[in-house]
């Protein structure tokens, strides 16, 4: 892991010093052992602030939308899952290929902060975290700690299609974490599909009821690229600002359909949701449908393939009716 | 819950007269049921929340002088959904009012002083409450000379034309300087931007307070020119506008630093303004 | 008059159940992995060992969405009616940080203009505070002038002791309630409670790792008073997503929006709902001008509100150290780190 971190720093330093990029978007140390935060490095002498470890959970691609008027080139650190967002942003012409340099990382697997922090003794400092199929190992100043993948690994990592970035200009790390029992079957979605309608409704109601409409899911989403969001509009106010089950449901369903075909299952919406709403299930339902109906791969996995909901073919299912 | 004490519940009033000021600005005369202002007592410079149930609410300055005993007036420009709907109202229609809110022009402090009013376009509305207070028969003796420099883009954009051209010039020791931005047919008055006209007129700061309201760009240059003319910051007064929802210092959106414009404003002396963060 | 009592856990459940006869009981319950303050009919459901509720208990006094009035238009006249006042309530299980936050909200809603909706509920609610049984990794009440067993703001305060609780009636309302239901309580003393609190606080504060370094909020405020434009805010704003998590979960944030909804022109309602100074349309004016146009101004506004503006206006800081924003911010904008950073910047000036 230290190797990846050092390579990111060295490459960033070179790129900044040579003027090949004017900013590096990467991960920096967070306020405790098991948190990181996005950092924006503009000077070669600051590359020491860049870190890489299994707590680099956020998808930085979202920031390319924020910086799309940046004068100069940006290098950005991406994991396997994040790289699909880069592809989709390129396909939608939200970003220009020649204005970014992709620092790809063969992802070592990503961990939830809470369970890991709970394992680390008070006052101990974490020096390294590693993930393999045997479990999770934390090296701390008061000795090693181990715990299970079930306890600590992000759900999305167990359903990971590719720990290797699908696009990169530089690639760091030998081999990413590949789960032995990687679950690419969309069983979680299928299980819910099989439930009777009332049960499905109950399932979503209990979660949507507690949505705060903080819009973290939207704001963290690289597929949410509208300049003005319908949920922010005051005139006309398409969706009421009142927070209740009906308006909350409208919000989540409109958003899910709006990102259909653009959502790459990076999982940010679910990770950031303070109400712990299983938003990936909602988006994965649409991804599953897209796969089954159009035989299309996960959005963002192929730069050359036309985005499935952005073109029309005579073979499309709706053409058959 | 007793309705009379609820500060965010509007009272419904009736529109009793409507005056077309310009193509996009109207003045609405308002009275409560049974006539008059009820216990709605304001001071010059204060505002009120006007609303139409089902449409929305907005903070509007009270343009009538407190010396008008029987009604309130609001001059409203069409800028959005609510003001569009208000513009469609007719005499006899209801409108919600709550307030009065905010601080007021320091009319006591101005006693014995000359006053220079400088306004642009629709923003004469807040100053008008003080102008008519000062020019009222009962109060006129308490104040010195009154000069009003007022400009708008065109003749059509000048508000309160009757007062501007008929009533005010007739008052004792009162001078009106009207200007429009660009020459137009039928206008033989002055042509200049307000800040430029101020520079030409060179009003002395001696024993005088200057009060100015207008679009931000006008204010910027008026303040510069007042400074050049020797006006002290504690003798220059203006008003600020921010987005507001509650009007009573709770909803949190009209703060500039620690000040809430709805409670601590809208009237600020220039020296106070300079203490605030430049976030307005 | 202050009374000092003791109550077993079983009796506490019965006491709470008894209270539901006359009052609405609002208490922490765990549902689908999240603890929230909700109306409770069966006191057996109350969670006594939670660390922090998801949404702070301010939502009882200041709900996320609330009707101001409903209206009907008949023959050209509007008929407005306000929602009826809820009957008396007991708000149970408020931790010390949240108790303090209610004291920070009081002067906002009860000022020159009383906010009836907040104040009526506040007047009709008895608050039973609950001392903390653990201090979490995100907690920092003890660094901003509070503590895990601080009782200020409660009518009755419960200090966990073994499996039971020591109870203080701190206000007339609280004492009356204890006296009225004295059969659930046994005697204790000021000395016993004081000792338990002291020892308990020492024990609890050994737990957290948290962030090292002491806070000096007065020093931070003095620095902020003198320095409005510093590069720090812009750098901090880069990673901010501009979402509303921190403000919605903050127990002292009070910003709201007011909107009208009409089912037809003839009837509808006016609603107020929480709003966030982090949203870009928060200060956007009808003409298009925005006094806080970028994330820099908005992030700065939030922190200055907590560590300067609230103090300027009401004489107390707007952060009680509950740690909810620390826990939930997706990009690790951590007020503890910001305080330490600002202290460092101030030291270097």
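Order of writing sets the chain letters: A, B and C. Residues in each chain are counted from 1.
As a working rule, a contact is a pair of C-beta atoms (placed from the backbone, for glycine too) under 8 Å apart; a residue touches a chain by one contact, two chains touch by 3 or more.
It should be emphasised that the depicted structure is a prediction, and the values quoted were computed from it without experimental measurement.
Trainee: What's the chain with its C-alpha centre farthest out from chain A?
Mentor: B
Trainee: Chain with the smallest distance from its CA centroid to the overall CA centroid?
Mentor: That would be C.
Trainee: Could you give the separation in Å between the centres of chain A and chain B, each centre being the mean of its C-alpha atoms?
Mentor: That gives a centre separation of 52 Å.
Trainee: On a C-alpha centroid basis, what's the spacing between chain A and chain C, in Å?
Mentor: Distance between chain centres, rounded to whole Å: 32 Å.
Trainee: Rounded to the nearest whole Å, what is the centre-to-centre distance of chain B and chain C, using the mean of the C-alpha atoms as each centre?
Mentor: Distance between chain centres, rounded to whole Å: 39 Å.
Trainee: On chain A, where are the residues touching two or more other chains?
Mentor: Within chain A, no residue touches at least two other chains.
Trainee: Spell out, as numbers or ranges, the residues of chain B touching 2 or more other chains.
Mentor: 80
Trainee: Which positions in chain C touch two or more other chains at once?
Mentor: 257, 259, 261, 275
Trainee: Considering the complex alone, what residue numbers of chain B touch chain C?
Mentor: 1, 3, 5-10, 12, 51-58, 79-80, 83, 92-94, 96, 216, 241-243, 245-246, 248-258, 263, 277, 279-280
Trainee: Going by the contact rule at the top, pick out the chain A residues touching chain C in the complex.
Mentor: Residue list for chain A touching chain C: 30-32, 35-40, 58, 62-63, 117, 120, 122-124, 206-207, 210, 212-216, 218-220, 232, 234, 237, 240-244, 268, 271-272, 274-276.
Trainee: Note which residues of chain C are touching chain A in the complex, please.
Mentor: 31-34, 36, 54-55, 64-65, 137, 206-211, 235, 238-239, 241-245, 248-249, 257, 259, 261, 271, 273-276, 279-281, 326, 328, 330-334, 336-337
Trainee: Please give the residue numbers of chain C that touch chain B in the complex, ascending.
Mentor: Residue list for chain C touching chain B: 68-69, 71, 73, 76-78, 80, 82-85, 108-109, 111-117, 120, 228, 253-262, 265, 267-268, 270, 272, 275, 277, 282-287, 289, 291-292, 297, 301, 304-305, 308-309, 312-313.
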